[in-house]
(Lines give C-alpha, C1' and ligand atoms only; values in the text may rest on other atoms or scores of the structure.)
Protein backbone atom coordinates (compact mmCIF):
# COMPACT_ATOMS: atom_id res chain seq x y z
CA UNK A 1 0.00 0.00 0.00
CA UNK A 2 1.59 3.24 -1.01
CA UNK A 3 -1.23 5.29 0.44
CA UNK A 4 0.33 8.42 1.88
CA UNK A 5 -2.01 8.73 4.84
CA UNK A 6 -1.55 5.08 5.76
CA UNK A 7 2.24 5.21 5.72
CA UNK A 8 2.42 8.51 7.52
CA UNK A 9 0.23 7.38 10.41
CA UNK A 10 1.98 4.03 10.52
CA UNK A 11 5.36 5.68 10.83
CA UNK A 12 4.14 8.23 13.34
CA UNK A 13 2.46 5.76 15.65
CA UNK A 14 5.38 3.36 15.55
CA UNK A 15 7.74 6.20 16.44
CA UNK A 16 5.48 7.23 19.31
CA UNK A 17 5.28 3.67 20.55
CA UNK A 18 9.05 3.30 20.49
CA UNK A 19 9.68 6.63 22.17
CA UNK A 20 7.14 6.15 24.91
CA UNK A 21 7.87 2.53 25.54
CA UNK A 22 7.12 2.73 29.24
CA UNK A 23 3.60 1.40 28.85
CA UNK A 24 4.39 -1.26 26.31
CA UNK A 25 5.20 -3.95 28.78
CA UNK A 26 2.02 -3.53 30.78
CA UNK A 27 -0.23 -5.91 28.86
CA UNK A 28 2.52 -8.51 28.94
CA UNK A 29 3.00 -8.17 32.66
CA UNK A 30 -0.75 -8.38 33.13
CA UNK A 31 -0.86 -11.55 31.07
CA UNK A 32 1.94 -13.02 33.16
CA UNK A 33 0.45 -12.11 36.50
CA UNK A 34 -3.05 -13.39 35.76
CA UNK A 35 -1.67 -16.68 34.54
CA UNK A 36 0.07 -16.95 37.88
CA UNK A 37 -3.27 -16.43 39.61
CA UNK A 38 -4.81 -19.45 37.96
CA UNK A 39 -2.94 -22.23 39.74
CA UNK A 40 -3.25 -20.26 42.97
CA UNK A 41 -6.99 -20.02 42.59
CA UNK A 42 -7.64 -23.45 41.17
CA UNK A 43 -5.13 -26.21 41.54
CA UNK A 44 -1.39 -26.82 41.19
CA UNK A 45 -2.12 -30.24 39.75
CA UNK A 46 -0.37 -30.54 36.40
CA UNK A 47 -2.94 -32.73 34.76
CA UNK A 48 -5.90 -30.57 35.67
CA UNK A 49 -4.07 -27.42 34.64
CA UNK A 50 -3.27 -28.84 31.23
CA UNK A 51 -6.96 -29.41 30.67
CA UNK A 52 -7.94 -25.82 31.29
CA UNK A 53 -4.76 -24.29 29.88
CA UNK A 54 -5.93 -23.55 26.31
CA UNK A 55 -9.05 -21.72 27.41
CA UNK A 56 -7.34 -19.87 30.25
CA UNK A 57 -4.48 -18.69 28.10
CA UNK A 58 -6.88 -17.46 25.49
CA UNK A 59 -9.18 -15.69 27.95
CA UNK A 60 -6.30 -13.96 29.67
CA UNK A 61 -4.74 -12.86 26.38
CA UNK A 62 -8.14 -11.50 25.40
CA UNK A 63 -8.40 -9.52 28.64
CA UNK A 64 -4.87 -8.17 28.31
CA UNK A 65 -5.62 -7.04 24.78
CA UNK A 66 -8.89 -5.51 25.93
CA UNK A 67 -7.23 -3.43 28.63
CA UNK A 68 -4.75 -1.91 26.22
CA UNK A 69 -7.51 -0.80 23.88
CA UNK A 70 -8.29 2.34 25.81
CA UNK A 71 -5.15 4.14 24.75
CA UNK A 72 -5.71 3.53 21.06
CA UNK A 73 -7.31 6.88 20.32
CA UNK A 74 -7.36 8.56 23.69
CA UNK A 75 -4.05 10.42 23.54
CA UNK A 76 -4.70 11.80 20.09
CA UNK A 77 -8.26 12.72 20.99
CA UNK A 78 -7.25 14.60 24.10
CA UNK A 79 -4.67 16.84 22.47
CA UNK A 80 -6.68 17.48 19.31
CA UNK A 81 -4.49 15.54 16.90
CA UNK A 82 -7.33 13.16 16.11
CA UNK A 83 -9.50 15.95 14.79
CA UNK A 84 -6.64 17.07 12.57
CA UNK A 85 -6.25 13.56 11.26
CA UNK A 86 -9.94 13.29 10.50
CA UNK A 87 -10.15 16.47 8.46
CA UNK A 88 -7.19 15.48 6.30
CA UNK A 89 -8.09 14.79 2.67
CA UNK A 90 -6.67 11.25 2.88
CA UNK A 91 -9.28 8.58 3.50
CA UNK A 92 -9.75 7.99 7.20
CA UNK A 93 -10.17 4.25 6.60
CA UNK A 94 -6.46 3.70 5.93
CA UNK A 95 -5.29 5.90 8.73
CA UNK A 96 -7.47 4.05 11.20
CA UNK A 97 -6.16 0.79 9.76
CA UNK A 98 -2.60 2.00 10.30
CA UNK A 99 -3.32 2.89 13.92
CA UNK A 100 -4.88 -0.51 14.52
CA UNK A 101 -1.94 -2.31 12.95
CA UNK A 102 0.48 -0.46 15.20
CA UNK A 103 -1.69 -1.32 18.19
CA UNK A 104 -1.48 -4.97 17.25
CA UNK A 105 2.27 -4.85 16.72
CA UNK A 106 2.64 -3.32 20.12
CA UNK A 107 0.22 -5.50 22.10
CA UNK A 108 -1.11 -8.55 20.25
CA UNK A 109 2.15 -9.58 18.68
CA UNK A 110 4.18 -9.64 21.91
CA UNK A 111 1.31 -11.38 23.73
CA UNK A 112 1.22 -14.14 21.13
CA UNK A 113 4.97 -14.61 21.25
CA UNK A 114 4.95 -14.74 25.04
CA UNK A 115 2.06 -17.17 25.19
CA UNK A 116 3.94 -20.48 24.76
CA UNK A 117 6.16 -19.58 27.71
CA UNK A 118 3.07 -19.07 29.84
CA UNK A 119 1.68 -22.24 28.36
CA UNK A 120 4.61 -24.01 29.89
CA UNK A 121 3.61 -22.60 33.26
CA UNK A 122 0.13 -24.04 32.86
CA UNK A 123 1.38 -27.45 31.76
CA UNK A 124 0.11 -27.04 28.23
CA UNK A 125 1.30 -30.04 26.21
CA UNK A 126 4.05 -29.22 23.73
CA UNK A 127 1.91 -29.92 20.71
CA UNK A 128 -0.13 -26.92 21.71
CA UNK A 129 2.62 -24.31 21.67
CA UNK A 130 2.73 -23.46 18.01
CA UNK A 131 -1.03 -23.56 17.46
CA UNK A 132 -1.42 -21.35 20.52
CA UNK A 133 0.92 -18.78 19.07
CA UNK A 134 -0.66 -18.97 15.64
CA UNK A 135 -4.23 -18.72 16.92
CA UNK A 136 -3.31 -15.80 19.15
CA UNK A 137 -1.52 -13.99 16.34
CA UNK A 138 -4.65 -14.08 14.23
CA UNK A 139 -6.98 -13.69 17.18
CA UNK A 140 -5.34 -10.61 18.68
CA UNK A 141 -5.34 -9.00 15.24
CA UNK A 142 -9.09 -9.51 15.08
CA UNK A 143 -9.41 -8.24 18.64
CA UNK A 144 -7.47 -5.07 17.83
CA UNK A 145 -9.68 -4.45 14.83
CA UNK A 146 -13.01 -5.08 16.55
CA UNK A 147 -11.77 -3.35 19.67
CA UNK A 148 -10.98 -0.19 17.73
CA UNK A 149 -14.70 0.16 17.08
CA UNK A 150 -15.40 0.04 20.79
CA UNK A 151 -12.55 2.44 21.53
CA UNK A 152 -13.93 4.94 19.01
CA UNK A 153 -17.48 4.60 20.37
CA UNK A 154 -16.48 5.34 23.95
CA UNK A 155 -14.07 8.14 23.13
CA UNK A 156 -16.10 11.17 24.27
CA UNK A 157 -17.14 9.56 27.52
CA UNK A 158 -15.32 10.76 30.57
CA UNK A 159 -16.10 8.18 33.20
CA UNK A 160 -15.60 5.03 31.22
CA UNK A 161 -14.52 2.40 33.63
CA UNK A 162 -15.44 -0.99 32.25
CA UNK A 163 -17.83 0.37 29.63
CA UNK A 164 -15.47 -0.36 26.76
CA UNK A 165 -15.01 -3.94 27.92
CA UNK A 166 -18.77 -4.43 28.31
CA UNK A 167 -19.48 -3.30 24.78
CA UNK A 168 -16.71 -5.19 23.08
CA UNK A 169 -16.74 -8.57 24.82
CA UNK A 170 -19.87 -9.99 23.09
CA UNK A 171 -18.08 -9.40 19.79
CA UNK A 172 -15.02 -11.20 21.06
CA UNK A 173 -16.90 -14.35 21.93
CA UNK A 174 -16.80 -16.06 18.52
CA UNK A 175 -13.10 -15.29 18.27
CA UNK A 176 -12.54 -16.89 21.65
CA UNK A 177 -14.58 -19.95 20.72
CA UNK A 178 -12.60 -20.69 17.58
CA UNK A 179 -9.26 -19.57 18.93
CA UNK A 180 -9.23 -21.72 22.03
CA UNK A 181 -10.66 -24.57 20.00
CA UNK A 182 -7.62 -24.48 17.73
CA UNK A 183 -5.40 -25.09 20.72
CA UNK A 184 -7.62 -27.82 22.16
CA UNK A 185 -7.72 -29.67 18.86
CA UNK A 186 -3.97 -29.40 18.46
CA UNK A 187 -3.39 -30.76 21.94
CA UNK A 188 -5.61 -33.72 21.12
CA UNK A 189 -3.63 -34.29 17.95
CA UNK A 190 -6.46 -33.45 15.57
CA UNK A 191 -6.44 -31.23 12.50
CA UNK A 192 -6.79 -27.51 13.16
CA UNK A 193 -7.64 -26.69 9.57
CA UNK A 194 -11.30 -25.78 9.93
CA UNK A 195 -11.26 -23.43 12.95
CA UNK A 196 -8.11 -21.89 11.53
CA UNK A 197 -9.88 -21.23 8.26
CA UNK A 198 -12.80 -19.67 10.09
CA UNK A 199 -10.42 -17.45 12.07
CA UNK A 200 -8.88 -16.38 8.79
CA UNK A 201 -12.31 -15.54 7.45
CA UNK A 202 -13.13 -13.50 10.59
CA UNK A 203 -9.83 -11.66 10.17
CA UNK A 204 -10.63 -10.86 6.56
CA UNK A 205 -14.10 -9.68 7.50
CA UNK A 206 -12.87 -7.44 10.28
CA UNK A 207 -10.06 -6.03 8.12
CA UNK A 208 -12.69 -5.01 5.63
CA UNK A 209 -15.37 -3.67 7.95
CA UNK A 210 -13.86 -2.43 11.20
CA UNK A 211 -11.73 0.44 9.92
CA UNK A 212 -14.80 1.74 8.12
CA UNK A 213 -17.08 1.48 11.17
CA UNK A 214 -14.36 2.94 13.38
CA UNK A 215 -14.01 5.96 11.08
CA UNK A 216 -17.77 6.54 11.30
CA UNK A 217 -17.61 6.26 15.08
CA UNK A 218 -14.66 8.66 15.23
CA UNK A 219 -16.54 11.21 13.17
CA UNK A 220 -19.51 10.87 15.53
CA UNK A 221 -17.24 11.33 18.51
CA UNK A 222 -15.65 14.50 17.22
CA UNK A 223 -18.59 16.10 15.50
CA UNK A 224 -21.45 14.78 17.63
CA UNK B 1 -60.12 -30.14 23.29
CA UNK B 2 -60.91 -30.36 26.95
CA UNK B 3 -59.59 -28.93 30.17
CA UNK B 4 -56.54 -30.98 31.04
CA UNK B 5 -56.90 -31.07 34.79
CA UNK B 6 -59.40 -32.66 37.12
CA UNK B 7 -60.01 -29.72 39.40
CA UNK B 8 -58.52 -26.40 40.40
CA UNK B 9 -56.04 -27.74 42.95
CA UNK B 10 -54.75 -30.13 40.31
CA UNK B 11 -54.41 -27.15 37.97
CA UNK B 12 -52.20 -25.41 40.53
CA UNK B 13 -50.19 -28.51 41.33
CA UNK B 14 -49.71 -29.66 37.71
CA UNK B 15 -48.43 -33.08 38.69
CA UNK B 16 -45.44 -31.64 40.50
CA UNK B 17 -44.42 -29.11 37.88
CA UNK B 18 -46.72 -26.43 39.17
CA UNK B 19 -44.06 -24.37 40.94
CA UNK B 20 -42.03 -24.08 37.74
CA UNK B 21 -44.88 -23.29 35.43
CA UNK B 22 -46.49 -20.75 37.75
CA UNK B 23 -43.17 -19.04 38.60
CA UNK B 24 -42.31 -18.72 34.95
CA UNK B 25 -45.70 -17.44 33.91
CA UNK B 26 -46.21 -14.99 36.75
CA UNK B 27 -42.69 -13.54 36.57
CA UNK B 28 -42.97 -13.05 32.82
CA UNK B 29 -46.41 -11.50 32.96
CA UNK B 30 -45.39 -9.17 35.77
CA UNK B 31 -42.35 -7.99 33.81
CA UNK B 32 -44.50 -7.47 30.73
CA UNK B 33 -47.05 -5.50 32.72
CA UNK B 34 -44.25 -3.28 34.04
CA UNK B 35 -42.92 -2.64 30.55
CA UNK B 36 -46.38 -1.53 29.54
CA UNK B 37 -47.32 0.54 32.58
CA UNK B 38 -44.10 2.43 33.32
CA UNK B 39 -44.16 4.64 30.20
CA UNK B 40 -47.80 5.47 30.88
CA UNK B 41 -46.92 6.65 34.37
CA UNK B 42 -43.93 8.55 33.06
CA UNK B 43 -46.08 10.41 30.59
CA UNK B 44 -48.65 11.23 33.23
CA UNK B 45 -45.87 12.57 35.42
CA UNK B 46 -44.48 14.82 32.72
CA UNK B 47 -47.91 16.14 31.82
CA UNK B 48 -48.65 16.94 35.46
CA UNK B 49 -45.39 18.81 35.76
CA UNK B 50 -46.22 20.85 32.67
CA UNK B 51 -49.68 21.60 34.04
CA UNK B 52 -48.23 22.85 37.33
CA UNK B 53 -45.79 25.04 35.48
CA UNK B 54 -48.55 26.58 33.41
CA UNK B 55 -50.69 27.27 36.48
CA UNK B 56 -47.73 28.87 38.25
CA UNK B 57 -47.05 31.06 35.28
CA UNK B 58 -50.64 32.19 35.01
CA UNK B 59 -50.56 33.21 38.71
CA UNK B 60 -47.47 35.29 38.21
CA UNK B 61 -48.92 37.23 35.29
CA UNK C 1 -46.19 8.79 -11.19
CA UNK C 2 -44.71 12.07 -10.05
CA UNK C 3 -47.77 12.64 -7.94
CA UNK C 4 -47.25 9.27 -6.27
CA UNK C 5 -43.66 10.07 -5.40
CA UNK C 6 -44.63 13.49 -4.12
CA UNK C 7 -47.41 12.14 -1.94
CA UNK C 8 -45.12 9.40 -0.57
CA UNK C 9 -42.52 12.02 0.24
CA UNK C 10 -45.11 14.12 1.99
CA UNK C 11 -46.31 11.09 3.94
CA UNK C 12 -42.76 10.24 4.99
CA UNK C 13 -42.19 13.81 6.04
CA UNK C 14 -45.31 13.71 8.16
CA UNK C 15 -44.34 10.35 9.61
CA UNK C 16 -41.10 11.83 10.82
CA UNK C 17 -42.92 14.46 12.81
CA UNK C 18 -43.21 13.47 16.48
CA UNK C 19 -46.43 15.40 16.93
CA UNK C 20 -48.13 13.67 14.03
CA UNK C 21 -46.98 10.29 15.30
CA UNK C 22 -48.30 11.11 18.75
CA UNK C 23 -51.74 11.97 17.40
CA UNK C 24 -52.04 9.01 15.07
CA UNK C 25 -50.76 6.51 17.61
CA UNK C 26 -53.17 7.91 20.16
CA UNK C 27 -56.05 6.87 17.93
CA UNK C 28 -54.80 3.34 17.39
CA UNK C 29 -53.56 2.65 20.88
CA UNK C 30 -56.84 1.61 22.55
CA UNK C 31 -57.57 -0.96 19.85
CA UNK C 32 -54.01 -2.29 19.87
CA UNK C 33 -53.99 -2.61 23.63
CA UNK C 34 -57.28 -4.47 23.58
CA UNK C 35 -56.09 -6.88 20.89
CA UNK C 36 -52.86 -7.47 22.77
CA UNK C 37 -54.58 -8.13 26.04
CA UNK C 38 -57.16 -10.46 24.50
CA UNK C 39 -54.73 -12.54 22.49
CA UNK C 40 -52.34 -12.99 25.39
CA UNK C 41 -55.12 -13.93 27.79
CA UNK C 42 -56.53 -16.45 25.32
CA UNK C 43 -53.07 -17.84 24.64
CA UNK C 44 -52.20 -18.14 28.31
CA UNK C 45 -55.44 -19.84 29.31
CA UNK C 46 -55.32 -22.17 26.32
CA UNK C 47 -51.69 -23.06 26.91
CA UNK C 48 -52.00 -23.49 30.65
CA UNK C 49 -55.27 -25.32 30.79
CA UNK C 50 -56.29 -26.82 27.52
CA UNK C 51 -53.26 -27.90 25.55
CA UNK C 52 -52.29 -31.53 26.09
CA UNK C 53 -49.20 -32.11 28.14
CA UNK C 54 -45.99 -33.39 26.62
CA UNK C 55 -45.28 -37.10 26.92
CA UNK C 56 -41.71 -36.64 28.13
CA UNK C 57 -41.73 -33.31 29.87
CA UNK C 58 -45.15 -33.34 31.44
CA UNK C 59 -46.72 -30.07 32.42
CA UNK C 60 -43.55 -27.99 32.59
CA UNK C 61 -43.64 -28.03 28.81
CA UNK C 62 -46.33 -25.35 29.08
CA UNK C 63 -43.59 -22.80 29.70
CA UNK C 64 -42.93 -22.99 25.97
CA UNK C 65 -45.89 -20.72 25.42
CA UNK C 66 -43.97 -17.86 26.98
CA UNK C 67 -40.40 -18.91 26.26
CA UNK C 68 -40.65 -19.28 22.48
CA UNK C 69 -42.56 -16.05 21.72
CA UNK C 70 -40.28 -14.11 24.06
CA UNK C 71 -37.12 -15.44 22.38
CA UNK C 72 -38.53 -14.72 18.97
CA UNK C 73 -39.50 -11.15 19.80
CA UNK C 74 -36.17 -10.62 21.57
CA UNK C 75 -34.35 -11.33 18.33
CA UNK C 76 -36.80 -9.38 16.14
CA UNK C 77 -36.70 -6.53 18.64
CA UNK C 78 -32.94 -6.25 18.27
CA UNK C 79 -33.28 -5.80 14.53
CA UNK C 80 -36.02 -3.22 15.01
CA UNK C 81 -33.70 -1.36 17.37
CA UNK C 82 -30.80 -1.56 14.93
CA UNK C 83 -32.81 -0.54 11.89
CA UNK C 84 -34.38 2.45 13.59
CA UNK C 85 -30.91 3.40 14.81
CA UNK C 86 -29.63 3.19 11.24
CA UNK C 87 -32.46 5.42 10.01
CA UNK C 88 -31.63 7.87 12.78
CA UNK C 89 -27.96 8.13 11.79
CA UNK C 90 -28.34 8.04 8.03
CA UNK C 91 -31.38 10.25 7.55
CA UNK C 92 -31.15 12.06 10.87
CA UNK C 93 -34.81 11.53 11.65
CA UNK C 94 -35.39 12.25 15.31
CA UNK C 95 -38.42 9.99 15.58
CA UNK C 96 -36.25 7.04 14.57
CA UNK C 97 -33.93 7.93 17.40
CA UNK C 98 -36.87 7.81 19.81
CA UNK C 99 -37.95 4.43 18.43
CA UNK C 100 -34.50 3.03 19.00
CA UNK C 101 -34.28 4.38 22.52
CA UNK C 102 -37.64 2.81 23.37
CA UNK C 103 -36.95 -0.50 21.66
CA UNK C 104 -33.80 -1.18 23.66
CA UNK C 105 -35.23 -1.81 27.15
CA UNK C 106 -38.27 -3.68 25.79
CA UNK C 107 -36.08 -6.04 23.82
CA UNK C 108 -33.70 -6.51 26.72
CA UNK C 109 -36.60 -7.36 29.06
CA UNK C 110 -37.98 -9.89 26.59
CA UNK C 111 -34.54 -11.47 26.34
CA UNK C 112 -34.45 -11.63 30.11
CA UNK C 113 -37.88 -13.27 30.17
CA UNK C 114 -36.67 -15.79 27.62
CA UNK C 115 -33.63 -16.61 29.74
CA UNK C 116 -35.65 -16.77 32.95
CA UNK C 117 -38.34 -19.04 31.53
CA UNK C 118 -35.66 -21.14 29.89
CA UNK C 119 -33.89 -21.58 33.21
CA UNK C 120 -37.09 -22.41 35.11
CA UNK C 121 -38.02 -24.87 32.38
CA UNK C 122 -34.61 -26.46 32.65
CA UNK C 123 -34.97 -27.50 36.25
CA UNK C 124 -37.67 -30.15 35.92
CA UNK C 125 -36.49 -31.15 32.46
CA UNK C 126 -32.74 -31.53 32.93
CA UNK C 127 -32.40 -31.19 36.67
CA UNK C 128 -30.53 -27.91 36.60
CA UNK C 129 -31.44 -24.23 36.33
CA UNK C 130 -28.68 -23.36 33.93
CA UNK C 131 -27.23 -25.34 31.08
CA UNK C 132 -24.86 -24.09 28.43
CA UNK C 133 -26.65 -25.33 25.39
CA UNK C 134 -26.42 -23.53 22.05
CA UNK C 135 -29.72 -21.73 22.21
CA UNK C 136 -29.53 -20.44 25.77
CA UNK C 137 -25.93 -19.33 25.28
CA UNK C 138 -26.83 -17.44 22.11
CA UNK C 139 -29.71 -15.81 23.95
CA UNK C 140 -27.35 -14.83 26.75
CA UNK C 141 -24.98 -13.17 24.30
CA UNK C 142 -27.95 -11.35 22.74
CA UNK C 143 -28.75 -10.09 26.23
CA UNK C 144 -25.20 -8.78 26.55
CA UNK C 145 -25.51 -7.04 23.20
CA UNK C 146 -28.69 -5.33 24.38
CA UNK C 147 -27.07 -4.35 27.66
CA UNK C 148 -24.10 -2.88 25.80
CA UNK C 149 -26.35 -0.66 23.69
CA UNK C 150 -28.41 0.45 26.70
CA UNK C 151 -25.35 1.20 28.82
CA UNK C 152 -23.66 3.14 26.02
CA UNK C 153 -26.87 5.10 25.44
CA UNK C 154 -27.14 6.03 29.11
CA UNK C 155 -23.49 7.05 29.30
CA UNK C 156 -23.89 9.38 26.35
CA UNK C 157 -27.17 10.77 27.67
CA UNK C 158 -25.54 11.48 31.04
CA UNK C 159 -23.12 13.82 29.28
CA UNK C 160 -25.87 15.33 27.13
CA UNK C 161 -24.47 13.93 23.90
CA UNK C 162 -26.43 12.44 21.06
CA UNK C 163 -27.35 8.83 20.55
CA UNK C 164 -25.42 8.05 17.39
CA UNK C 165 -22.76 5.90 19.00
CA UNK C 166 -25.32 3.52 20.50
CA UNK C 167 -27.06 3.26 17.13
CA UNK C 168 -23.76 2.37 15.49
CA UNK C 169 -23.10 -0.24 18.15
CA UNK C 170 -26.52 -1.77 17.57
CA UNK C 171 -25.80 -1.91 13.85
CA UNK C 172 -22.47 -3.65 14.34
CA UNK C 173 -24.30 -6.09 16.56
CA UNK C 174 -26.61 -7.10 13.73
CA UNK C 175 -23.62 -8.24 11.69
CA UNK C 176 -22.40 -10.10 14.70
CA UNK C 177 -25.61 -11.94 15.57
CA UNK C 178 -25.44 -14.54 12.78
CA UNK C 179 -21.72 -15.03 13.49
CA UNK C 180 -22.44 -15.55 17.17
CA UNK C 181 -25.31 -17.95 16.60
CA UNK C 182 -23.28 -20.03 14.18
CA UNK C 183 -20.19 -20.13 16.33
CA UNK C 184 -22.09 -20.98 19.50
CA UNK C 185 -23.87 -23.74 17.59
CA UNK C 186 -20.53 -25.08 16.47
CA UNK C 187 -19.03 -24.70 19.93
CA UNK C 188 -21.84 -26.67 21.44
CA UNK C 189 -21.54 -29.57 19.03
CA UNK C 190 -17.86 -29.82 19.93
CA UNK C 191 -18.42 -30.20 23.61
CA UNK C 192 -21.73 -31.94 23.53
CA UNK C 193 -22.23 -33.45 26.96
CA UNK C 194 -25.30 -35.49 26.10
CA UNK C 195 -27.87 -35.56 23.35
CA UNK C 196 -30.35 -33.15 24.79
CA UNK C 197 -32.85 -31.88 22.33
CA UNK C 198 -35.27 -29.07 22.86
CA UNK C 199 -38.82 -29.65 21.70
CA UNK C 200 -38.68 -29.85 17.96
CA UNK C 201 -41.29 -27.52 16.55
CA UNK C 202 -42.18 -29.37 13.34
CA UNK C 203 -43.03 -32.52 15.18
CA UNK C 204 -45.37 -30.68 17.50
CA UNK C 205 -48.91 -31.85 17.62
CA UNK C 206 -51.35 -29.23 16.24
CA UNK C 207 -53.19 -29.17 19.56
CA UNK C 208 -49.96 -28.00 21.15
CA UNK C 209 -48.99 -25.72 18.31
CA UNK C 210 -52.16 -23.64 18.03
CA UNK C 211 -51.89 -21.85 21.39
CA UNK C 212 -48.24 -21.20 20.55
CA UNK C 213 -49.29 -19.40 17.40
CA UNK C 214 -51.76 -17.28 19.36
CA UNK C 215 -49.05 -16.41 21.87
CA UNK C 216 -46.59 -15.44 19.15
CA UNK C 217 -49.18 -13.11 17.64
CA UNK C 218 -49.99 -11.81 21.10
CA UNK C 219 -46.33 -11.12 21.85
CA UNK C 220 -45.91 -9.30 18.55
CA UNK C 221 -48.90 -7.13 19.42
CA UNK C 222 -47.49 -6.63 22.91
CA UNK C 223 -44.16 -5.51 21.50
CA UNK C 224 -45.77 -2.98 19.17
CA UNK C 225 -48.10 -1.65 21.87
CA UNK C 226 -45.36 -1.37 24.49
CA UNK C 227 -43.12 0.31 21.93
CA UNK C 228 -45.79 2.86 21.03
CA UNK C 229 -46.54 3.63 24.67
CA UNK C 230 -42.85 4.17 25.36
CA UNK C 231 -42.37 6.31 22.24
CA UNK C 232 -45.31 8.52 23.23
CA UNK C 233 -43.87 9.13 26.67
CA UNK C 234 -40.48 9.98 25.19
CA UNK C 235 -42.01 12.31 22.61
CA UNK C 236 -43.89 14.21 25.32
CA UNK C 237 -40.69 14.46 27.29
CA UNK C 238 -38.56 15.71 24.41
CA UNK C 239 -41.20 18.16 23.18
CA UNK C 240 -42.27 19.30 26.62
CA UNK C 241 -41.43 22.92 25.89
CA UNK C 242 -43.32 23.19 22.64
CA UNK C 243 -46.71 24.83 22.31
CA UNK C 244 -48.56 21.76 21.14
CA UNK C 245 -47.55 19.80 24.21
CA UNK C 246 -48.50 22.65 26.52
CA UNK C 247 -51.86 22.88 24.78
CA UNK C 248 -52.26 19.14 25.18
CA UNK C 249 -51.50 19.40 28.89
CA UNK C 250 -54.12 22.08 29.33
CA UNK C 251 -56.72 20.00 27.49
CA UNK C 252 -55.93 16.95 29.55
CA UNK C 253 -56.35 18.85 32.76
CA UNK C 254 -60.03 19.07 32.06
CA UNK C 255 -60.47 15.64 30.54
CA UNK C 256 -58.42 13.34 32.77
CA UNK C 257 -57.48 10.73 30.25
CA UNK C 258 -54.30 8.86 29.32
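For reference, chains read A, B and C in written order, and residue numbers begin at 1 within each chain.
Convention: a residue touches a chain if its C-beta (ideal position, glycine included) is under 8 Å from a C-beta of that chain, and two chains touch if they have at least 3 such contacts.
Bear in mind that the values here come from a model prediction, so they are computed numbers and not experimental data.
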For which chain is the distance between its Cα centroid and the global protein Cα centroid smallest? C
Farthest from chain C by Cα centre, which chain is it? Let me know. A
Chain A to chain C, mean C-alpha position gap in Å, rounds to 33
Where the CA atoms of chain A average out and where those of chain B average out, how many Å apart are those spots? 45
Intercentroid distance (Cα basis), chain C paired with chain B, Å: 17
Across the complex, what residues on chain A touch chain C? 149, 153-154, 156-160, 163, 166-167, 169-171, 173-174, 177-178, 181, 198, 202, 209, 213, 216-217, 220-221, 224
Quick one: which bits of chain C touch chain A in the complex? Just the residue numbers, please. 89, 141, 144-145, 147-148, 151-152, 155-156, 159, 161-162, 164-165, 168-169, 172-173, 175-176, 179-180, 182-184, 186-187, 190
Per the touch rule above, chain B residues touching chain C in the complex are 1-5, 11, 14-18, 20-21, 23-25, 27-29, 31-32, 34-36, 39-40, 42-44, 46-47, 49-51, 54
Complex contacts: residues of chain C adjacent to chain B: 44, 48-53, 58-60, 62-63, 66-67, 70, 102, 105-106, 109, 112-113, 116-117, 120-121, 123-124, 207, 222, 225-226, 229-230, 232-234, 236-237, 240, 245-246, 248-250, 252-253, 258
